[in-house]
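Before anything else, here is the set of structures, which you'll find just below.
The following pair of complexes shares a single chain, chain A, combined with chain B in the former and chain C in the latter.
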Partner chain A sequence: METTLRAKLLMTVFAWTVTLLIFFPIFWMLVTSFKTEVEAVATPPSLFFEPTLENYDAVQERANYIRFALNSIGISIGSTLAALAFGIPAAYAMAFFPTKRTKSTLLWMLSTKMLPPVGVLVPIYLLFRDTGLLDTQIGLVIIYTLINLPIVVWMLYSFFKEVPGEILEAGRMDGPKPRQELWMLLMPLALPGIASTGLLSVILCWNEAFWSLNLTASQAAPLTAFIASFSSPEGLFWAKLSAASTMAIAPILIIGWLSQRQLVRGLTFGAVK
Partner chain B sequence: MTLALTRRNLAASNPGSERRVRTLPLIAPSVAVLLVWMIVPLALTLWFSFQRYNLLNPMLTGFAGLDNYRYMLTDPALWTAMTNTLLLVGWVLAITVVGGVLLAVMFDQEFFGRGIARLLAIAPFFVMPTVSALIWKNLLMHPVNGVFAWIANSIGIGAIDWFGSIPLTAIVLIVSWQWLPFALLILLTAIQSLDNEQKEAARMDGAGPFAMFFFITLPHLSRAISVVIMIETIFFLTIFAEIYVTTSGGPGLASTNLAFLIYLRALLDWDVGGASAGGVLAIVLANIVAFFLVRTIARNLQT
Partner chain C sequence: MATVELRDIRKTFGTVDVIKGVDLRVEDREFVVFVGPSGCGKSTLLRMIAGLEGISSGDLLIDGQKSNDVSPDARGLAMVFQSYALYPHMTVADNMAFSLRLAGVSKEQRMEKVRSAARILQLEPLLERKPKELSGGQRQRVAIGRAIVRQPRVFLFDEPLSNLDAALRVQMRLELARLHQQLDATMIYVTHDQIEAMTMADKIVVLRAGVIEQVGSPLELYHHPANLFVAGFIGSPKMNFLETTVIEVNEQGAAVSLPGGGTLTVPVVPGSVRPGSDVTLGVRPEHLSLGSDGVMHGQVSVVEHLGGGTLVYVQTQGDDIIVVQADGDTDISVYDAVAVGIRPADCHLFDQNGAAIARSTRHHLADRRRGAPAPAPRAVGGHH
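What follows is the complex of A and B.
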């Protein structure tokens, strides 16, 4: 008994050392965000300092952080709702009324996800320029809806497949029409799956950084693009960068932590359970 | 299995149910938008790749034939970018897969605070690429004020100018840090589905921890590993944001990959024709990987 406890303690020390090494960059960012700019670049790194909130204030006031955050929120939620609106009916139909073509349709949807974005950067950029979608929220909503739709359909499909068929059968005996069937019977059962799918979509939209960097300038730029503006040499304010970064990743980190188990399904298209 | 049977019974006990519920209107919108999304940009990319088309030089128009491709394929920058792309993909894959397997085995053991440790270990995956790249570039890898420089100087090996002398290695490290949790998350899920009885039986037969790992755990993980490799490859072929905010492809072309080269041609040189030819190449590369990925997933999909 004693040896197993010792083994467990050794394992604990080892595993926590590894974990803290992995987490260190995020921890260090958090710590730096409470330093003054002078302390932030100090060598050796200052560990004991008086924490200050001035960076958070400065980022809010000077950099118009709120607008970028609102862009991120609007784009993520808008495109998630759109993807769900397209995806729920499709996944419902394929999960409950499979036909010969269901499998190939699913795989085809998946294959559209594998188109490298850079391969179609030029035409999308020109199309957006000519239609006035460049640097607009709606432009990014359209793109994100399309790139996430395959994942949304797949994830919903795998959740819907788990709803016991008996329940639908019982419902059909009473003779409701399909649409009522969908809402009355399926929703309570499918809601956790839909919620997880929505969260994954929000995470993917929030962190997307190819189209947001290339298709926005100032009006519709989300947080990914805002943070990128700190990369210019004259913009090197480490404490403010850290404060802005902390605010930018906090909501998504929490969502990710809450939904980590369900995410595997969406990220691997059900190939790993 | 029982579910599948039930559903089949359901369909059988309700003849005509599939006809009564017309599924086409439910599926058609998704298929239609994805079809447009797939065909229109692809067709335009192909079209542009055969055109003489530079936004800075509107006089230059007309059919270019294979000129854009010939120019691209004889451009030394392309081969540098291709080499960098392959190095980037290969190294990050090696680090994240090997590291991910080891981490998954570690998190499969019992230790105190495992739940919280797992949350901390998967956190990097949820950090947006521009944040992780800039935090690493400045706070950690800065050659004078970064934490790494301080550690290196303290132990007397001298600081490394990460982005000046070994930019590709620096980007490999950043991307690996972001994707290690992805591999961990998926491989841990797979490892936990391993049958306990099988492990117990092997242990009874006297298998040590290493034998257990190589003859039981690793074979069990093989499919999950292949899925991780393929999904990561598709993302890594077109790494962009991390390069954009750290090195801008430099110094010179030292950290320019295919995606970044296309970006340079398109949105800095405004060479639409040339960039489109590069885009076609990127699509072909991704499709080779995608073919195998879709096949693996298809084998796994029961409808």
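What follows is the complex of A and C.
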């Protein structure tokens, strides 16, 4: 009895420690964004201070947050839709009509994620320059779709694999065409999986910094570029940087928080047995 | 008319032969049960008929038409799965109407067919519910309803009752039997439960390791098992087997020695066995009795009181254990010395390969069709 209680206590303490460790940087950023620049760099850091909104005002004055945010939204959603549009049929084929090489194809797709992006920066940059895709939303949508497709296909493949086979067989007895099977049976059945895949894709696109910083300048620059613009050669302004970062991650944090419950609820199904 | 015929059907997965040449004819409006231990290939065979598994070789004929390469939905069959396999995102009504919707049937007609199927299965109050709001028995009914709506030529059932609890299983068994009469449909049913097979089938197909061991009516299999496997598989508790030797063959049959020195003359066709051959004597527990006139003597090792009957495990002088199904009121305890009586007419002999030795008499119920004593004459198909 006592040992299980102690084990439970230990686990709780451990879980909270890890949670706080992960959460601390976000918390600190949030706190710093309400400090003055002087307080932000003070050692030892001041925990009690008069909160101020002056950083947010300064950030707003210097850059058009809304434009960056709209770019982020447009690019994230656009490339997620594109990735799903390509990924769903691909994963459907791989999950239900596998060949001898399906497993290797999947592994190969994932292996492309191991390549350091900087290795293809120059060719991609030149391609984009020659095709006029530099600093365009469509350019980033294309590159993000390509980057995320392996993960999207891989995730959808595992979700499709989990759909009870007998339901699809029952479907086949009822006689849908492949397109109908995909739309009327598989997609509704795998909807929680498709939703979480989509969510992950949105988050990855939102957070992507390497390509967005290198391929955009002003027109199509998303929030990552917005943050980066505050660590300028004139010096680091920690408080303003924190305010900009808070504004940049707030939307995605809220979306994640809201959809989490929905996704978990969606995963409990009453289909088989 | 809906007949299904299998001609030398085979299935191989890679190098493994799962179905090793099955020949079978399912007659119109027949209730055929595939039974066998797990891994015998009965589900695979059903799935091959359904079109969910390819046929490696041989011919599948549905209503006389070769259907090996016809797609599952075009075969005009409906299948009820073990897991029910309902579409979880659709209501009961939509589940049942799905095939019609795919076929482009109008909404009016769809609902009419769904309602009439729902009436048969008492599903009417549940039509707007989702599968997750139903109990196991109700889900099973919806799965059957989905099959009925399609008006299939043949119903296929893949262990449909194995996910239900015991009481519900008995109830659904009765309902399925009633449904078979009501719909007048051809049904093929897979189960590992020999009681389901015995109670529902017109014809039982006993499978083992991808081969048909015997085909026959329930009582034919019970009274005239073709081999040791069928004899042991059909009937509960299991048939007793005793290794013995033929002493003499005469016109009454073959006399075999019993443990403890007695002899027993089993009515087999004279000439089907020779004196001196080693044979297996098979006799069911319910055909044995305890009493002073018994021919085998032994000691009771275990007693199981079931209320209605008593299973007595007797250790014979030959060290075999034989099970006797005695009366429920039998007053007996472990270590009692007992005598076991056998009626020769209820005994079976099997040769060394396990094949049954032909009997000289046939059980009077073995060839009767289940249900009505005399089948009513049916109009022959065709237009008038």
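To be clear about the criterion, the second predicted complex is superposed on the first by the 213 of 273 C-alpha atoms of A that agree within 3 Å, B and C clash if a C-alpha of one lies under 4 Å from a C-alpha of the other, contacts with A are read in each partner's own complex, and residues count from 1 in each chain.
Here is the rule we go by: contacts are C-beta pairs under 8 Å (C-beta built on N, C-alpha and C of every residue); 3 or more make two chains touch, one makes a residue touch a chain.
All figures in this text were calculated on a predicted structure; none of them were measured in a lab.
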Comparing the two partners chain B and chain C, which touches a greater set of residues in chain A: B
First (chain B), second (chain C), both or neither touched by A:Pro164: both
Touched partner set for A:Gln219, first chain B, second chain C, both or neither: neither
Partner chain(s) touched by A:Leu185 [first = chain B, second = chain C, both, neither]: second
First, second, both or neither for A:Thr131, with chain B first and chain C second: neither
Touching partner for A:Gln260 - first (chain B), second (chain C), both, neither: first
Chain A positions touched by chain B in one structure and by chain C in the second: 164, 166, 169, 172, 269-273
Chain A contact footprint on chain B (complex, rising order): 3, 6-7, 9-10, 13-14, 17-18, 20-21, 23, 25-27, 29-31, 33-34, 37-38, 40-42, 44-45, 48, 103, 106-107, 109-114, 117, 119-132, 134-140, 144-145, 147, 149-150, 154, 177, 180-182, 185-186, 189-190, 193, 223-224, 227-228, 231, 234, 237-238, 240-241, 244-246, 258-259, 262-263, 266-267, 272, 275-276, 279-280, 282-283, 285-287, 289-290, 293-294, 296-298, 300-301, 303
Interface residues, chain A side, partner chain C - complex: 164, 166-167, 169-176, 180, 184-185, 188-189, 191, 269-273
Complex interface listing, chain C residues touching chain A: 50-52, 71-74, 77-79, 81-89, 98-99, 102-103, 130-133, 136, 146, 150, 163
Residue ranges of chain A in contact with chain B within the complex: 8-9, 11-12, 14-16, 18-20, 22-23, 25-26, 28-29, 32, 40-45, 86-87, 89-90, 92-94, 96-99, 102-103, 105-107, 109-112, 114-127, 145-146, 149-150, 153, 161-162, 164-166, 168-169, 172, 178, 203, 206-207, 209-210, 213-214, 223-225, 227-228, 230-231, 236, 238, 241-242, 245, 248-249, 252-253, 255-257, 260-261, 263-264, 267-273
